[in-house]
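Each in structure tokens, the structures are laid out below.
The same subunit A turns up in both complexes below, where it pairs with subunit B and then with subunit C.
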Partner chain A sequence: MAKPWDAIVVGGGHNGLVCAAYLAKAGRRVLVLERRHVLGGAAVSEEVFPGFTFSVCSYVVSLLRPWIIRELELSRFGLELIPLEASFLPLPDGRSLCRWADPGLTRDEIAAFSKKDADVYSEFGRAMSKMGQFAKPVIDAPAPDPTSLRPGELLKLLRLGRHFQDATPDEIELRLKLFTMSAVDFLDEWFESDVLKAPMSVSGIIGTFLGIRSPGTAYVLLHHYMGEIDGAFRSWGFARGGTGAVSNAIAESARHFGATIRTEAPIERILVENGQARGVLLENGEEIRAKTVVSGCDPRRTFLGFVGADHLPDDFVEGCKRYKYRGSSGKVNLALDALPQFSSRPGDGLHLRGDIAIAPSTDYLERAYDDAKYGDFSRRPYINVVIPSTVDPTVAPPGKHVMSCFVQYAPYDIKEGPSHWPERREAFGDAVVDTLAEYVPNIRELILHRQVLTPWDLEQEFGLSEGNIFHGELSLEQLAFHRPVAGWTRYRTPVQRLWLAGSGAHPGGGVMGTPGALCARTMLDGGAV
Partner chain B sequence: MPRPTAFHDRTFERCKSLLYKEWAGCYAVCRYDTYHEREYYALRHAATVMDATPLYKYELRGADAARLLSRITVRDFSKFAVGRVAYTTWCDEAGKVLDDGTVTRLDDRHFRLTSAEPSFAWLHRHATGLDITIEDTSRELAALALQGPRSRDVLTNLIGAAATDLRFFRALPTRLGNREILVTRTGYTGDLGYELWVENGGAGELWDAVFEAGRDHGVLPMGLDALDVSRVEAGFVLQGVDYTSARQAWIERQFSTPYELGFDWMVKLEREPFVGQDALRAEHARGPSRRLVGLEVDWEDFEALYDEFGLPPHLETMTCRLGVPLYADGGQIGQATSRTWSPTLKRYLAIGTVRADYARAGTAIEIEVTVEYERRRARATVSKLPFFDPERKKS
Partner chain C sequence: MTKRYDALVLGAGLEGLAAAATLAQAGRAVACIDALEQPGGVCARRTFHADHSVPGLLHELGATRRALCAGLDLASAGLAWNEKETALWVPPPVEDPEARGLRFARGEDGWHAALGSHAADTDGLARLFGFIERVRSLALEILDEPVPELFTPSKRELFALAQKAVRLRRLGDRDMLELLRVIPSPASDWLGEHIAHPGLRAVLAAPALAGSVHGPRAPGTAGLVLLRACTLEREPVGGGAALAGALADSARRAGVEFLLGQGVRELRVEAGSVRGALLAGGESLDARTVVSTLDPATTFVDLLPFPHSSDQLGRAARQWRTRGGIASLSLACSSEPAFRGTDDVSLVRAISASQLDELELAADALKYSDVPSAPWLDVVVASRIDPQAAPAGKATLSVHIHGVPFDVQGGWTDAARETLLESVWVGLEHLAPGLRSSVVGHELLLPSDLAANYGLRGGHLLGGELNLDQLWIQRPSAALARYRTPLAGLFLAGSSSHPGGNLFGGAGVLGARAVLSS
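Up next, the complex of A and B:
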């Protein structure tokens, strides 16, 4: 029999690959098994139509930790990030707001709506950046365990506590508000104009089945202020060649350090013997043994799918079932014949080189949620548009463009039942194009090809349970000590030698790579592999 | 007051920041916008166009042009073929570096030399008795650097298929409309790229044609700030910053030899006499006492220095040319002269000069960092140059 691997990583998404790269770098024999023909999971680039390469799912990069980029030498393996220029908000009444990297320009733009907000905007940015700095140690280390009395755990809590203690009363108040309020309520305390509150509040609901007025959504705003692609907080970017380039660079790094990667290798189950993971059984009947198994898949697929409830304690199974997915978003990818012309700001200007929000008011966003609450996709959804071909000419033929539209809400549990999504798919796509046409009148003539992905498609094609892009909602009660199941927040699982390295582990979703890296570190530090 | 270059109308039209500086007596754009990042990213992902006109340019014509260049620079040009370009440096009699630049052979009897500083008198000083005329075309010849991964596509749109055959460090005389232009596959960015040379009268037309050809390739005009970041990534030294010309040096330690600057590969010692030959022979035998090296600052350590103050790490986004001391084993062993955050490599890089015994790649040293007006030191590692060397540069 072949020598068993030190670790088999199930799933070649970015976190699985990061984990594999770290283990390989530490000299372990690692095998990655990916179900699809391409690597990356939801961080994938595919030439969906000839000449047009899309970041099919995840479309911007910000949270990818700089220390991971350095330690895995991702630049050397082809990773190049290009920052977004601006945040553009077109309005149906012909006005528009563009927020730029240049504070002076941004100030002028905001002042056209509210002179007060123009001042407050930079104060808000500073306050949030400070908060982001506070949160950074939390996302860059395994979650502390508040129920443990072990000295190491107490020390970690103490350190966090000290962060709290050092804060001024104003800062403490800000933090408490951030943890308890809704995104809109929180922003109401700062701003008077809806053109800021609407596009900013959506950061609080991305990938959750909550509305911008749901309590607890304020905290997720902070995630936007923790993005750092150049050491500086709050920068978002594209990966040259699409988000898949991130995964490819990680894969190259993993291979360089000696990992073996197989695609089109779907697994049937994780082999568990006497409460220990021993390897995997592939769908083709092949059995591969390993000392440890790492899952980059989400908790439901991992535990209820590949492991099976009979190998798990009942309370853990309960915890897994309670863990919320509730995918609420879809994706529409458009191949365009030319750059879109927004009626509120015509021309091929720099406003097209950033992210474009279709979020004209807070009421608009709340109404979009109303549709979803009762099992339908939003007739007029929130859309986050990016056109990466404006800064990365490799993704479209010269003069042509790719337009990526992240669309919320598209509830997984549509009223006809999730499996009926394929019948609604084109209607959903039409709703998105109709909405865009209110801002870009000639959009229909520009569309050469259209790819519509519903939450159902995200589940079927990319293995994201219920189409949740973060491997489970990023809501407060599912973060840190509670991700994915209380008591199992350290990448360990109730099955010995089985580890969880995906976004369902701390600190959660987004193309961060942290769960994968911290999982590998925990395994290596504990001598598990 | 600086003078405008032949591209000034065009750059001024697009330079929203109004930020120009003096370069060799001319106005040169620092950056077109509030920040230089967009230009930098266009350079590394699409293509950029930079006005490189201020470079000093000399036409050397005559049967002895190759002989003069071999006599005054450290390279041997006796067998240098027509259509080739070379990067070279030249020294004084003591073997101390005066300047660096490129030599292009346009035809049998015609070479072009570029330099950072005026070299007219110096060229004449060594031309006595040779069959040669030296013409200063610094102010008559305009130059445009077209650089970046898409530059070949843009050039192909501009001059046709000949662009694809032009190899690294080769020159191609061609026409644009009824103007003669020279295309060289050279640059100061470490990327795939070209430089286009034209008489002043054709400058505006060339600029417009390049942008027209680059319309679907994301071409942007670029200024010196983005250039300065890219040249550090590419490991190119800058006269007056990373080393002092022997013309300006005042005391012994301010002079540099080609060996100290890492120009070893250029110096051909065993040949007809050339300026500085004896001194360089001795230096070669002795080995340089200092070496120009790449440095990479340990980011975690750098971050920790700021963390002590409760601050996030802070860096200038542009290349900082303020020299800082380098330390090892309790003493100062050199200085870092250009420092930059590399947005592509996600590393804090520097070019500096260290004592030869600390010059080996991988050597751990320390660099001075000032946080809140307090002097600290961060760990740094000596590294080979260039930092960034994409395949496309030579492919």
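Up next, the complex of A and C:
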């Protein structure tokens, strides 16, 4: 019989791969098992149509932690990040707002809508960056455990408290507000122009089933403000070759350090004997033993799927069932015959080399949410568009383009029931194209191919429960020591030798890599592997 | 000649009365000033039709901080509390005539609801209220004392904070973590975890959300449901007017002088300290201390002379949110109302929402400043709690129409008011068939009318929106939550201060204590 692995990682998404790379780097024998034929999970590039490569799901790189890039030497293994040039907001009335990397240019653009806002904008950026600095130690370390009485844990909580106290009264107020306010209420305190507030507020709702006026969304705004490339705050980027290139670089790194990676190796279940994980059983009947098993899948698939409720304590199962997914977004990927022409800024330009938001007003965004609340996709959704082919010629044939549209809201639980999504898929795609046509009149003539991914598809195809791109909603009651189930927040699980390394663990979703890295670190530090 | 006092209390609403009485009892010479002709604010009796009056406009006074008000001896001022908690009636939904209505009340031995086919909810309800009972005493402890000092805590305060942390830990891991999970959750999620009956979910959420512009899907609304469940007890006999009357009586006996019928025009400030106030009629009053129970914007922007109202105070005032969402409709009826689905003629209160989405839809109308097409209604038969409200055999009803914005698109024209009233008649007919034909007189107060008549900014009845970001250490802002202001001698202690909202008497008494200890 073959020598058992030190660790089997179930799921070759970016977090599973990061965890595997760290374990391998520490000299452990690691096997990664991926169900699909490509690595990356939702951070994947695929040639969906001949010649057109799409970042099928996740489409920009923002939160990937610089220390992970450094420690896993991802640049050496092919990761190349291209910063986004701008955030472009076209409006249906022909006006538009572009926020550039250059603060002076941005100021001029905003001043066209509000002089006061133009003045405040950079001050806001500074305040948020400072907040980001405060949040960084929280997202770069395992969640504090308020139930522990160990001196080390108490000290950690105390240090967080001290950190709080060292701030000025204004900073304390800002922090309190950020954790409890809605994105719109929070921005209202700074800005007057709806044209500025609308595109800024949307980062508060990405991947949640909340509206921009829902309390608590101001915090998520920060979550997305912490994006950094090479240590520079608020810079988003494309990976050359698509988001899959991130996963491929991590995989290369893992292989370099000695990990073995198998694709098209779906597992049937995680083998549990006497309350301990012993390995996995593949769908083809093959059994592979290991000293530890790490799951990069979301908590529902991991515990209620691969492990089974029988092997778990009742209250843990209860907690798993209560944990909310409620996917709220879809993806429409378009292969275009030529560069799209925005009526508000025709022609080619740097504004197309960034992210483009269809978010003309706060009421527009809120109405999009209302449609979803009552069980339908938004008739006029929020769309975040990127055209990576403008900066990365490898992803489309010459002269042609790929256009990636992140679309919210598309609720998993539509009123007909989630399994009826396939019948509504094309109507959803049409709503997206119709919306785009209000800004890009000739869009319909340009479309060569169209791929529509509903939350149902994200679940079926990518294994994301209820189509949630973050392995569970990023709402306040599901963060830190509540993620995914209170009492089980340190990557450990009630099954001994089974670990959770996906976005369903602290600090949560986004192509961040932190859950995978922190899981590996916790395992190694504790001598578990 | 300028009159001289130790303290001026601005506003003779419940908080103003409680603050004035507390200060006077401690031997201070106190004047309580209000623009209205009688004390009580929105709790004062309002006669709106011949022989018909409402004992104030509020529907729930059961969360009054009775422990904090104990020293005011309201009992000898004639105040009594009901022996039982007020039952809430939810009629069966229109589309399901077979269904039974829901009567919901808390008795000595727990919560009661006739659940019919939802018998499984009996366990859910027990689980829910078991948890509430276990966290209740900690919640009350936190609500009945000033918020902790965040900025420059003394050793003693740090110790008190540590004690609080220990109390939290003593709940046990399970309840502590559950408490931290529930507070920021949406009410619809938390209630959905325990309860299947749509009417029972609605009856638990609806009154708790009355001070918020949000619907039950909004994060933090579970915290409001929990807050209400922890604090609500029996109602005062005779309603708000009786409570206000007793507080005013207590204040008078302690020596408070009432200056009614004219408000304050401006606060007098010298060398960075408050020195008194100038009344609307031109009279000048001297005092080393001014306790304002008015909202922060009125206090800091309208009443403070320019150079003092700048910066921190002005910002706190501007950022304080007071979007009202309730219109008050008083009805004079020629006969007793009969709620649909029950023959209990002693029922005092009913709500029209038989599921959570009705609350959500009302909140949607607020977001877009629309006239709500189907507002939900909270009805109190005022004449059943206060015999003075209507002549024998007749009835007076107080209706809260939820989801009514301060401003609507196109303004509150007569046509818009009519549109609103029409949808209310439809809702009332559903709640109590035949009611409309018995109405002999009515008065509709939109949020803008409440603002104009009672000086309530935004028409908000509870001093400012109830949301997580406007409670506890953030009520009304982190820097002002301990009643003191940066201006020496000026204190803020209305319902826009902790504990605020409908936790009546809390801010007034705690604010007065802050004055006395400084």
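Heads up, the rule we're going with is that the second predicted complex is superposed on the first by the 529 of 529 C-alpha atoms of A that agree within 3 Å, B and C clash if a C-alpha of one lies under 4 Å from a C-alpha of the other, contacts with A are read in each partner's own complex, and residues count from 1 in each chain.
The criterion applied here is as follows: a contact is a pair of C-beta atoms (placed from the backbone, for glycine too) under 8 Å apart; a residue touches a chain by one contact, two chains touch by 3 or more.
Just so it is clear, the structure is predicted and the values come from calculations on it, not from any experiment.
When the two complexes are overlaid on their common chain A, residue A:P398 makes contact with subunit B while staying clear of subunit C. Touch criterion not met for A:K115: it reaches neither subunit B nor subunit C. Using the contact criterion defined above for the overlaid structures, shared-chain residue A:A101 touches subunit B, although it does not reach subunit C. Of the two partner chains, subunit B is the only one that A:R70 touches; subunit C does not reach it. Look at A:K415: by the touch rule set out above, it reaches neither subunit B nor subunit C. Of the two partner chains placed by superposition, A:R379 touches none, neither subunit B nor subunit C. Touch criterion not met for A:R126: it reaches neither subunit B nor subunit C. Contact residues on subunit A toward subunit C in their complex (touch as defined above): 146-147, 165, 169, 172-173, 176-177, 180-181, 185, 189, 210, 213-217, 322, 324, 363, 366-367, 370, 373-374, 475-477, 481-482, 486-487.
Residues of subunit B touching subunit A in their complex: 33-35, 37-38, 41-42, 44-46, 150, 153, 215-218, 299-300, 310, 312-313, 315, 317, 341, 343-347. Across the complex, subunit B is touched by residues 66-67, 69-70, 74-76, 80-83, 85, 101-102, 104-105, 129, 133, 166, 230-233, 240, 350, 390-394, 398-399 of subunit A. Across the complex, subunit C meets subunit A through its residues 150-151, 169, 173, 176-178, 180-185, 189, 193, 214, 217-220, 319, 321, 357, 360, 364, 367-368, 467-469, 473-474, 477-479.
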